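In order of appearance the chains are A, B and C, and numbering begins at 1 in each one.
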Amino acid sequence: MQVLGTAGKVVLGLGMAVVLWAAFLYAHPAESFVGESSRIVFFHVPTAWISALAFLLAALHSGLYLKTRKMERDDAAAAAARLGVLFCVLATVTGSLFAKVMWNSYWNWDPRQTSIVLLLLVYGAYLGLRQAIEEPERRATLSAAYALIAFVSVPFLMFAVPRMYASLHPDTVINARGRIEMSPDIKLVFFSSMIAFTALFAWMYALDVKATRLVRRLSERAGGFEA
Amino acid sequence: MRLVAENVSRAFGPRRIFGPLSFATEPGRVLGVAGPNGSGKTTLVKVLAGLLRPSEGSVRLEGPAGARLSVHEAAGAIGWCAPDLSLYGELTPAENLEFFARVAGRPRARDEVDGRLASVGLDPRRLRSIRTRFLSTGQRQRLKLAYSVLSDPAVLLLDEPGSNLDEAGHRAVAAIVAGQRERGSVVLATNDPAELALADERVTL
Amino acid sequence: MILRAAAAVFVKDLRTEWRTRVAINALLLFAFSVLVLVGYAVGPTRLTLEDRPVVNSVLLWIVLFFSAMTGLSRAFVNEEETGTAAALRLSAPPAAVFLGKLLGNLALLGVVMAVVVPLFLALMSFGIAAPGLFLAVLALGGVGIAAASTFIAAIVAKTAAKGALFAVLATPLLLPPLVAAVTGTQIAATQPDLVAGLDAVRLLFAYDGLMVTASFFLFDAVWRE
């Protein structure tokens, strides 16, 4: 069975194309940002949001694995972590490009840059742990436990440390005053982009879960641990 | 208490080790587990002990009034002696037994521990200050037997209990099995015909 | 009952460690070598006055962190390698095992701190303006390191790579408390006022509480995997 039908693929592809067009040609650059640099918000924020979402999904499925001991949960957690790395790298790169334009330096250990590097480290450690264990049930259990303990630890840098240091990072989308301060055209493109990226992620995620499951079944049939 | 195994099997990844099997132990009786090398005896005993999760099926303890417990909940109800069992090499035999009695919540006095050592043919006074890692393999096997019945378990799981033992050692195994009959049941996995003769029933893998 | 069993595990580990002294020797030798290296290369006078608090705080925690990484995984790796884990699993309640091992790691780290910290302060002429805050940061940072290390040790003990994986898995978990501990140490070095370091202490306290609780509850799944 297909994860996404032809109609769905057409809608998703057209949607992404429209978002791309609008991000560069429809929305106006925001005030108080150097040149056209504010356009990065249409890509940076969705990828950062998805790397956090994927992390949440990995932790959620890890918890459910420990509860139910169903290997499907482990497939889902592993797929979420793999895609999380991809989007986390994209968020890091886009953020770094923006930093270069705004502050003339790709990397300046802004608290938010530090947090995203920590998230990358956690993802990397999680995937490294998975590779180090051959037996499927043991791999599933130990990596699930690690994902959950990491889930407890990461928010400390994400939320607590940025307050201990001054950050150059622009206000988050919903700022400290609890309002969204964007001009209407930027707001429209921004939320369209969030929806489009989330849908793209949902599709990739479903595909990866399915592929992981197939590989696992195949290796079970072949009689070896690796496919 | 009865140890009940229901459709139990274990696989490591795609490789099935044994099962599915169903059986139950009865108080006062000895269940023999026979089978050639590689047939999964050791893995089965570990699953019964709760040291390995069964891939399918369940293992539980059933009390007299039909009360059910998972093997994990019944601390001290199961005794285990197997080739995979190791005691602490840096502790003396008596310290080992004292430690395991204490963590299981049933502390034993020195005299009692010494009595347990003597019952498997270990001289408590001569071994007073000798660390377990300096014992001979046979002496260590005797210590492991003493460990397995330390908490007066309802179910005793013995996996090749006679390995590395001399004649007197084999008699100690027989005595332990006989003593356990008074208290509960025994699962005895072995390839030794003399030991299998102690069994009332037999499961062959 | 859990606490009594935990104490038994702790005493057993202490006794074993006393008879072999493997972990404590490795830890202290490592810490001492790094201290000598740092003391020689950086020394008390090579840094400008305003750089000292920052650089010394970072160096101190790097020494403590890497010492922890060399020794704290033994808590479980040893049990799995010598095959004693199975007997412990069968006889002791998991909560008691975790607490006993955590206590053992705390004691080990405490000994290392008691040796390393005074030496470091002396070798680097690193003055502390707020000793109370400094001790609080050391204690809270130590608890955080010990808790995360104990849990990660239980995980890596069951993998083939063991030691190699330990630091890889522990580092991301320990970055938040280490950053806070470095900040707190820096404040303790420069400001006699206790309130200035309150943010760091609060953060460490919250981390410790959450890490100990979370690893306590997750330990069962790892231990009886």
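Everything that follows uses one rule, which is that a residue touches a chain if its C-beta (ideal position, glycine included) is under 8 Å from a C-beta of that chain, and two chains touch if they have at least 3 such contacts.
A quick note: this is a predicted structure, and the numbers were derived from the prediction, not measured.
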Q.
Please identify the chain with the largest separation between its CA centroid and the CA centroid of subunit C.
A. B
Q | Middle chain, criterion being Cα centroid separation | A | C
Q. Counting C-beta pairs in contact, does A-B beat B-C or the other way around?
A. B-C
Q: Provide the C-alpha centroid distance between subunit A and subunit C, rounded to the nearest whole angstrom.
A: 31
Q) Which whole number of Å gives the spacing of the CA centres of subunit A and subunit B? A) 50
Q) How far is the middle of subunit B from the middle of subunit C, if each middle is the mean of its Cα atoms, in Å? A) 38
(Q) Using the touch definition from the top, which residues of subunit B touch two or more other chains? (A) 53
Q) Do you know which subunit A residues sit against two or more other chains? A) 134, 137
Q: List, in ascending order, every residue of subunit C touching at least 2 other chains.
A: 225
Q.
Give the list of subunit C residues in touch with subunit A in this complex.
A. 148, 151-152, 155, 158-161, 165, 168-169, 171-173, 175-177, 179-180, 183, 199-200, 203, 206-207, 210-211, 214-215, 218, 221-222, 225
Q.
Quick check: in the complex, which residue numbers of subunit A touch subunit C?
A. 66, 114, 118, 121-122, 124-125, 128-129, 132-134, 137-138, 141-142, 144-146, 148-150, 152-154, 156-157, 160-161, 163-164
Q) In their complex, what parts of subunit B are in touch with subunit A? A) 12-15, 53, 55
(Q) Using the touch definition from the top, list the residues of subunit A that touch subunit B in their complex. (A) 69, 134-137, 219-225
(Q) Quick check on the complex: what are the subunit B residues that touch subunit C? (A) 46, 49-51, 53, 72, 75-76, 78, 80, 84-91, 95, 99-100, 102-105, 131, 147, 151
